[in-house]
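One structure coming up, written as structure tokens, with questions to follow.
So that you can tell them apart, the chains are marked A, B, C and D in the order they are listed, and the count of residues begins at 1 in each.
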Amino acid sequence: MIHRMPITRRAALAGLGTVLATPAIRPSFAQSAPIKVGVLHSLSGTMAISETALRDTVLMMVEAQNAAGGILGRRLEAVVVDPASNWPLFAEKARELLAVSKVDVTFGCWTSVSRKSVLPVYEELNGLLFYPVQYEGEEESKNIFYTGAAPNQQAIPAVEYLLSADGGEAKRIALLGTDYVYPRTTNRILRNFLISKGIPESDIMEEYTPFGHSDWQGIVSRVKRFAGEGKKTAIVSTINGDANVPFYRELGNQGIKAEDIPSVAFSVGEEELAGIDARPLVGHLAAWNYFMSVESPVNTQFKALWQSYIKNPRRVTNDPMEATYTGFKMWAQAVAKAGTTSVDAVRTAMIGQKVDAPCGYTEEMHANHHLSKPVMIGEIQADGQFNIVWKTPTAIPAENWSPFIPENANRRRG
Amino acid sequence: MSLAVLPAAPDARLRLGLRAGLGLFILLLAVMPLLNLLPVSHPLHVSDFLVSITGKWICYAILALSLDLAWGYAGILSLGHGAFFALGGYAMGMHLMRLIGPRGSYGHPILPDFMVFLGYQELPWYWLGFDSFPFAMLMVLLVPGTLALVVGWLSFRSRITGVYLSILTQAMTFALMLAFFRNDMGFGGNNGFTDFKELLGQPLNTTAMRSGLFYASLLALVLSFLLCLRITRSKYGRVLTAIRDAESRVRFLGYDTTRHKLFAFVLSAMLAGVAGALYVPQVGIINPGEFSPANSIEAVIWVAVGGRGTLVGAVLGAFTVNGLKTWLTSAAPDLWLFVLGGLFVLVTLFLPKGLIGLAKGRTK
Amino acid sequence: MKHPLLAFLLLVALALPARAQDALTAALEGLGTGFNQTAEAVDRLGASGDPRALPLLRALTEGRLLRRADGTLLIRGEAGVIEALAGAPAEAAEASPVRLNNRVRVALRGALGRLQLLSPDAAERQAAADAVFRSRSADNVAVLETALGRETVPAIRDRLLLALAASRLMASDLADKMAGIAALGASASPEARAVLLEMRGANPGLAAQIDEAVAAVDRRLAIRRAAETVFQGLSLGSVLLLAALGLAVTFGVMGVINMAHGEFVMLGAYTTFIVQEALRTIPALQPWSLPLAVPIAFLVTAACGAALERGLIRHLYGRPLETLLMTFGVGMMIQQAVRLAFGAQNREIISPAWMQGTLMLPGGVAVTQNRLWILVFSLVVLGLTVAAIRLTRFGLEMRAVTQKRAIAASMGIRTGRVDALTFAFGSGIAGIAGVALSQIDNVSPNLGTGYIIDSFLVVVFGGVGSLAGTLVGAFGLGTINKILEPWAGAVLAKVFVLVAVMLFIQRKPRGLFAQKGRAADA
Amino acid sequence: MSGGRRLYLDGVSVVFDGFRALNNLSLIVEPGELRSVIGPNGAGKTTMMDVITGKTRPTQGTVNFGEIDLTRMDEAGIANLGIGRKFQKPTMFDALTVFENMELALKAPRGPIACLRWKLTGGARAQIEQTLEEIGLQERAQDLAGILSHGQRQWLEIGMLLMQDPELLLVDEPVAGMTDAETEQTAALLVRIAGRRSVVVVEHDLEFVRALGRRVTVLCDGSVLSEGSIDHVQNDPRVIEVYLGR
């Protein structure tokens, strides 16, 4: 890609520079230099599975924006780097994007840890990061815009649904998750929430597994046993992308039908299901703020744009991609409004931006740097798509500091 | 200078050349933070990024040195050195976490954020004392050292060598990685530690502090280089080489090879720990990923690329491979793995003595 | 007292369709307007006991039931679209499929169950029995008794009896309840246990009897659960065995450290994917794509192995550590190549029907089909490997070369060729492992990385160069892991096993089945 | 080195999975004695040395050096007791120079720290250079041991043996690959050494053994077949049977 040449040469210098310690790069911007959009998603390593699609989404948006004449009459130029699913490398690459490539905005990160590792860099160098994935909340940085869901925009409504008549009036809940901060925090929030709903501790099961866990026999049969106590049981899964395939396989093979033990997942989208034969899973649930099956004009555009860009009519879209799309649109509007790409101006311009998102709702960026989002519950269909069985009437604002974490009461604001 | 250590002629010229080169290189590194102070427009200006990333590479170079001591000289191919590096890093990380104090987002006076939202009530016992800098520094040495002592003693005593030792050490770091991923361990699980605020009363994200850490690392590099030099030049160094080439013969000369190897292994583990400790405040994060076996293997490969059994080679390798990696992950995000993988293949196939070997070939 | 009425209804249903027609149309009221209305309508259809509701309900489960704005229901079939009850051909225009949710599914299962209890097809009757058991309501008692009256297949009878017991338990009559409790207590099914516990709250008076029954069930279940744990251990062991077997040859026999072994496994999995895609065009062969993939995967990875050995590894014989580093580099490249070729996303592997679901072993031990197959498969592969090494000419030459290279050479064995073949053989096994693993793990470029360390440990633990050792090692570690898991948790269990193995190797550096020879001195 | 210790083997057997390498072997080597051990291949000569030097643990039997039970010690410990060994196949450290090889062998504290602190004193150098003289390698002092000829390697190893200043030398086939002249020198050297130290020589070359002209022990199938002067054993019918019978 030609548009990546300058950074190539500069980075080449950087590489040599340190070996020979030659004096390094002086940034020399031409007058109407392009607006630089950093892309900080893993293209190799364990997270590549999820993140490569987001890289492509940003590139697609950049292309589209340029086709539409760029922003402020300036061309957009994507700067792609590969942090290789290596968290310290994320920090390094973030610094490189900001200090060397001098990007005006960055779209990136998937896992919480990658975000947490770049956060200090963005705050120090006053950069701008758009983070497109649902996460555990408990964070608010002036340099980050969170376009994914906070727990109250995904987890809690989903569990409420399970407890409702339509969801099957679950009385016992098995919280299964990959052992990292998002599931831990989410489950802590849910535990407190469930207790507030009158479900006793004894009817809550919590199990954690390592990343990419592939042997689910034991846990699934333990869940079966847990469900065998004569109370309607449901599974709440915060299992991370990669481990879901074997997990659902095991569910299917051990004959756990959605009618008996429904499960609702927070990290399983169309992309993950693309990896498995979804027939045994029909009826299991996922909670997101967007499904590919949403019927809205914007979504139709979005899907068409994506499939033509990726040159694959069967390629799916998913929630984080939609969040990326929405974030990008907002940023473009904010830059246009601010009339400049300077971070502080854009940051202020961002607040209150509205975008008609593919999810069919108008999402707004609030002062807490989080979006108001609708919550949707989808049932897995045989074709790996979701059939939306429930959704909030309106987009609901994010509670990134959950009221179900007691410590938030005495949290120092700001 | 004794007859014995007076080297053969061509080697001498080379070694002198390398020394000079290294000296010059260190000098250049030393001035980088100063050049960084120059105005951005100045032709000699060095970017913050370059400085900070070089600081990181210096830590890697120390790790490479420690590995070279164990592998290049004592013939102990440890595929678990990443673990010692990470443990040193964690010790430092725990100190930095304690220093955050009430500045965490929950404003808890003692507990780090991750403990707060995981509902910890008080600090686990093994966190006590890490608020004191000297104690933390002591742990930076002791924790990796002790682990090396235990694993090394068990292995060397039962005469586990070669690939068996490699596989064993690899299993060690793998087990540690799994363990540290567990949030119940009280080390922040997958997220590890991040968002550090200060060290020794100085805020971390200032240029002054960054150059401070940079020089500290550079000093550590020079010192560990001299230490390794002292060791390898001594008779002990020759005993290690002898053990590497014919361990049983050394035993028949009356040397307790277990003790000798153990000494080298523990020392090398401590060096790795120091490297990790300097690394963490500069990259601003430490997490279980550092334990991943791939990291350890990569470190071994730096040494192989530079040239095992030559200290300069280890340093050279660390800088070359990492420089290449940084460049390629931006310049060719899709292809860098090919280039790096290819490099490893070529080096092991055609440059058994590494880049230094190449230079040697020249001088002859 | 509803049962007589019901029995009557049933007869009527069979006798006088015309009369039933109205009842049925009445029952359909509201179906498809909302989830709740649909569920209620389905319940009514089930209660009606009219078999002519069957096609409609089936259509609903399979999502072939359409609803026109005016409320008329249509069924889409092979023949085309027809009106739900009348059966007259109809226009599908502006008709949308009736949507389901779990609540409706529950209702459907009950209703279908009731209507199929008397179906001529045994499989259907069995499913029906289970369904009725799950949906258990006192209304079912009569139907079940009728069904029991006719049922001849013992397996189905048992299920019917359970269902009957469960339904009795729901009845208001105390005697019925007691009978139900007794029957359930006599069973050894977790479901029965669940039913009992569920009813405990509703019948405080019967708490004692229920607890007794539950205890009885638990006693029977205890053994079964132990057996299931063991199976899980063996299953995990079989995975380890498959992953390690190739190494047992390349590392164990040849003493070559191949860090790209995991990538060969991954290549095997991708070959499975390619074969499956290739067969999409030939539906007849679809279910056989997996068996077909085995030899192909073997050949593909074997070829890669041979290339790797001839091209690179052979230059590094006697330098195992360098080989280790070099193959690590190769692994990186293979992984990235696959990532670029197939994309980083997981690839979908369809499990053939015979590998899905659970199998009930005698004694009611439930084992998952795919894992059972993999267990069997792993043993077969092991057997073939042993046979190849012990019985074939190639195996003989292989052993000769690995034991006394020079002498073998002097006897006219082309050692180079044997090395290549041996390595190819080991790599091929890795490929086969990939085919099996594609059934339980992600088919992604990272597939292999998860197995490499475990594999090496298994081989070393079992004793380098000893296939028997690899076998024992794999199953031993797998079982220990699964026994630890319940109380240590998945992660700690693995950590414990790793540490245990490390300590064991310290004690016995040569592993369980010590071996002498070239590999052992590596 | 007056009043040295005697080497005492009694009823020593070594069994490698079924095969008896040593079979109830008994042998006594007096202080200062020079003893030749001969025997056909597989007689157990090398195994005997392995047992003495701690490389192999005897399945049964006692191995004492003076009062000390060698079976309880490891190679290093035994070597430090003053039992030096020269291997059948000369082994040294090819990556080090001849001088460095000698330096490593030189009797001195063996601990890591001690080695780290070690300074090559004038005395030590003198000692090394003198021994180099004795074994005729003073010219090669700075060459890597790896480039020496086979004969020179033999010499170097003998030199290293001397540097250890052992009380008992176990010399395994010292003259293999040596010229006749060298062989004579070696014989002379060993004779010279003996008296101050006890020496056990394992050799095929009967001429060499004759040249040593001391007490000879004939091993066969892991136990002593015959013992006495060279003439005595050469006339012993069992020995003849063993040697000529094959």
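Worth pointing out:
Everything that follows uses one rule, which is that a residue touches a chain if its C-beta (ideal position, glycine included) is under 8 Å from a C-beta of that chain, and two chains touch if they have at least 3 such contacts.
Since the model is a prediction, treat every value here as computed from it, not as a measurement.
Of the two interfaces, A-B and B-C, the higher number of touching C-beta pairs belongs to A-B.
Chain centres computed from CA atoms place D at the largest separation from chain C.
Measuring from the averaged C-alpha position of chain A to that of chain D gives a distance of 74 Å. Between the CA-based centres of chain C and chain D the separation comes to 66 Å, rounded to the whole angstrom. Centroid to centroid, with C-alpha atoms defining each point, chain A and chain B lie 34 Å apart.
Distance between chain centres (mean CA atoms), chain B to chain C: 45 Å. Annotation for chain A: residues 43-44, 179, 208, 210 touch two or more other chains.
Of all residues in chain C, those that touch two or more other chains are 335-336, 489, 491, 494. Chain contacts: chain D has no residue touching two or more partner chains.
Note for the complex: chain D touches chain B at residues 53, 55, 74-77, 79-80, 84-85, 87, 91-97, 99-100, 103-105, 110-113, 115-118, 120, 125, 141-142, 160, 164.
By the touch criterion given at the top, residues 77, 151, 154-155, 157-160, 162-164, 166-168, 170-172, 174-175, 178-179, 181-182, 293-294, 297, 300-301, 304, 334-335, 337-338, 340-345, 348-349, 352 of chain B touch chain C in their complex.
Considering their complex, residues 7-8, 11-12, 14-19, 21, 23-27, 43-44, 79-84, 86-89, 91-93, 95-96, 99-101, 111-113, 116-117, 119-121, 124, 138-139, 179-181, 184-185, 188, 208, 210-211, 405, 407-408, 410-412 of chain A touch chain B.
Contact residues on chain B toward chain A in their complex (touch as defined above): 25, 28-29, 32, 35, 40-50, 52-54, 56-57, 105-108, 113-114, 116-119, 178, 181-183, 189-192, 194-196, 205, 283-285, 287, 289-290, 319-320, 323-324, 326-334, 336-337. Partner chain A is touched in their complex by these residues of chain C: 35-36, 99-103, 105-106, 109, 134, 190-191, 193-201, 225, 228-229, 232, 235-236, 239, 335-336, 339, 343-351, 356-358, 366, 368-371, 439-446, 450, 482, 485-486, 489-491, 494.
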